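Pasting the structures here.
Both complexes below contain chain A, partnered by chain B and then by chain C.
Take a look at the complex of A and B:
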């Protein structure tokens, strides 16, 4: 273990630490200056990569397409250029039949360029399903508190697999949005324990929304990716119906509870205290998720 | 937004660098990104292009950039900056980081 924490790395550092040494080739790198025309019109500073680094690399000698979002730049939000890079990468993955890994850090669509961001996310989802129809593996990594929300939260669930760490969060509406609509009594966004127990990596792993729970280190994330790089399944009517049944069951089981611990218990966690302190595979072992 | 460009006299860059370009920093609140590329002309000036969301500090920018060009052999580089309100000390740090990555590689 290098002692480096994955959630503290920048997008470029994450890519460098996951890919085989020197194997990453960036597509549309910063010197090409493909920046957002909308932000420039609004007098907001642009970024050379529009908040996403894309390219191809090798993991354990196997070629992959790889992207990492830059959460610090407008919350990793998807604008036209950012979205086009994302779409293009998954399309290239389908064309070349090469697995595609997306390291997510995004609140969803960039409101300054909302329509083009929404369209870009829809187009990327279509490209992901194209990959899956061809059995090209698609993997989303969600490992920071910026997490995967809004359109990117939905997009992440279109991929074959999601790898999360305990720092990662996954949802549609973010905690503050839920509080604004439902009131502080219904959901207190300042209650970090509540927020992580409802949208955090551990809970998402228990519920089966995340397929792997990794330690917060580049090595652990890399191992998890390497393990999942081999399989992909097409989306079919039967698979969608089965998923719908699962969700109905979940709603029936937990739909009326106010207590996130009830969800943990219901998903097989006996010792809540020990599970709260455990992370990664140790948590998974304590949980004995029925899957 | 305020934009300006200026070239500053600087000793020529070493003839070999680890890579053709380097990036340091992120465009976030109180932060900036600095892109340093080799291949600028002439080779005894550092060409700078700055875009900042905070207008009115051109004199500070020019002083920080001139200071860097004076202390580092950065002649023949193009320096492009996207800024979201970084303080001068951070501008200096990012310039040095980008220059280090360019000349010695990412470490």
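Take a look at the complex of A and C:
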């Protein structure tokens, strides 16, 4: 419980603690000053990395492409430059047949440059599917409360694997948006327990949307990445249909419940109290996810 | 003759109770009758006491009182610890109050400042807790007291549960002077777990339609502790706790001291301080103290109040906390404050503003908050006679003259040089000296802790040992030396600072063996609320706003 927490690290600290010592080489680093033209026009401060750090590194001696979004800069939101860096990295991964890992921390498209952001996310998805067609592993790590929402939430589900921690959140619309449309009675975004039990890493792991649940430490996240670096699966009509069936089943089973604990129970969690306090693999052991 | 006179006050009480008549069944009344009963038992000119401190509030009775109008109730002399509810403000707006004597205005500080500006806040004085309780026995004895309890039995005995707080300090002076004690309770039961207030000190009881308001005031989420606060905590641990061997103490409610609590089982353990410091506490059941308790640092904790969510944990650790025969937690604000005044080596707390003389205040032009209990603890108790190592060591440093005590309590102010929003903590002059505030308070500047009482100021820059200063000018220089980049700090003179440092009056982190680069949140025994729950073996139930699982 003590030590460096992954969710409290900055993007650059995360990269430094995941990659083999000294192995990270940043592409388009801050000294190149490639910044958003739109934010500058709007008089909003720019960032020299436009909120994303990309490059290549080694994990356990194995070369990977690696990106980490900077949640502190406009919520890690995707603008033109940010998006282009992301697209380019996955394209490079496909070209070089090198696995690509994305440390996500983003609410989706940056509103100030919406169209460019949307296009960039679509192009990145295409690049991810190129990787998958070539069996180049793609991994998304979602481990902070900024989480993966909007277009980035969708993008994360295009990757082969998602690694989450209990702090991570994954969804399309964020809690405040849901509350705004559905009403506070339907979804109280201030109810943190409800928010995490519906979109948090543990629930996503139970439902199969996350493939690994790691402790909130750089070491645990690195181990989870290392374990998944070897495998990839192409997307096929059959795999999409199977996934569709899974989702239909899930909707049938839980579509009418308004109690997140019922979902946990339905997914095999017996002791809700103990599972609530457990983290990472201990939670996974308590849950015995659908196996 | 004497008999007739002594009977007057008693007769008056009997008349009031008689006026209640059939609105009550014995002592018990139904909630809908409460406004009318209040109208009948309170007379113009009464000293009326509303129970409510910064945690526990007789909120149902206060809300019912606020439904009355000026024609029902006027010329009331209100006495109460904490003005914290909108209902309290309503009483002033309706012009029912001819004078108020209180301690603290917490969340209503802005509303109180507005009332002062509108001349609708006829304040007698702002007190410290024990000062006000003491006056309940002297010149502010309540005629009617509206109090809150967890449970009543059929006779009207009361159980106060974890939040005994100030109830006894209100009930005793009222009940023993023919005043009326009216209690709201959460529930009425056949048998109480324990009797905290005997039935013959209680006149009326209502089962409130909602449980009394309890504020989670001492819950500090470790996730919000910063690296800078960890640095300050390390500096304080080495430069003060370790140096003086502080065994008995009070901690404020801030994140700075929460950081110290969470460093004890890690950094403190490494320094070999376990068993040497921090054994006896006068402090509320702080959730951030759980790791230190579980690591065997803490011998005992006495509290002025409870803390929401700590009920099961404190009951399980009755070897550390004071508990009733029923096993549940016990607190007492008056006795806790007394303990914090006389029986501890050190008080350490934070403040919003500190001036160059070391005076501190939480009052600003737009917020009049007041004192609460900090000044009772953050002062030199010159009535103290028993020696401890820390007391004597601090005393010797202060170089007492032939006419002063040999020892000193350590009174430590621990602040970052800037508050949120880059507002400097250190100022040449306190906002509290504002003439309109002084006028409203009859010439008193609302100083929380007086500079003369402060022994040390700790900031992220280092420690200023004010007790060791030999002149006012030297004290000011010492404060400037640790005031960082605030306007106060920028006026320091290099040579003065160097001289003070050479004499150990000013100490930088490295002077007490702390490397700032070492200061990191990762040193904390846990970095989030969930970790506290784990440390407590699942016995701590944090309030829902802190739960994200």
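To be clear about the criterion, the second predicted complex is superposed on the first by the 288 of 291 C-alpha atoms of A that agree within 3 Å, B and C clash if a C-alpha of one lies under 4 Å from a C-alpha of the other, contacts with A are read in each partner's own complex, and residues count from 1 in each chain.
By definition in this document, a contact is a pair of C-beta atoms (placed from the backbone, for glycine too) under 8 Å apart; a residue touches a chain by one contact, two chains touch by 3 or more.
The structure displayed is predicted, hence computed values, not measured ones.
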item	value
Chain B versus chain C as contact partner of A:73, first or second or both or neither	first
Touched partner set for A:45, first chain B, second chain C, both or neither	first
Touched partner set for A:242, first chain B, second chain C, both or neither	neither
Contacts of A:182 with chain B and chain C, given as first, second, both or neither	neither
Chain C versus chain B, contacts on chain A by residue	C
Touching partner for A:31 - first (chain B), second (chain C), both, neither	first
Partner chain in contact with A:134 - chain B first, chain C second, else both or neither	neither
Overlapping contact positions on chain A, where the chain C interface meets the chain B interface	none
Contacting residues of chain A [partner chain B, same complex]	10, 12, 16, 29-31, 33, 43-48, 70, 72-73
Chain A - residues contacting chain C, complex	1-5, 8, 145, 166, 190-193, 195-197, 200, 202, 273-274, 276-277
Residues of chain B that touch chain A when the two form their complex	1, 20-21, 23, 26-28, 31, 33, 35, 37, 51-53, 80, 82-84, 106
Residues of chain C touching chain A in the complex	266, 520-527, 530-531, 533-535, 538, 544-545, 547-549
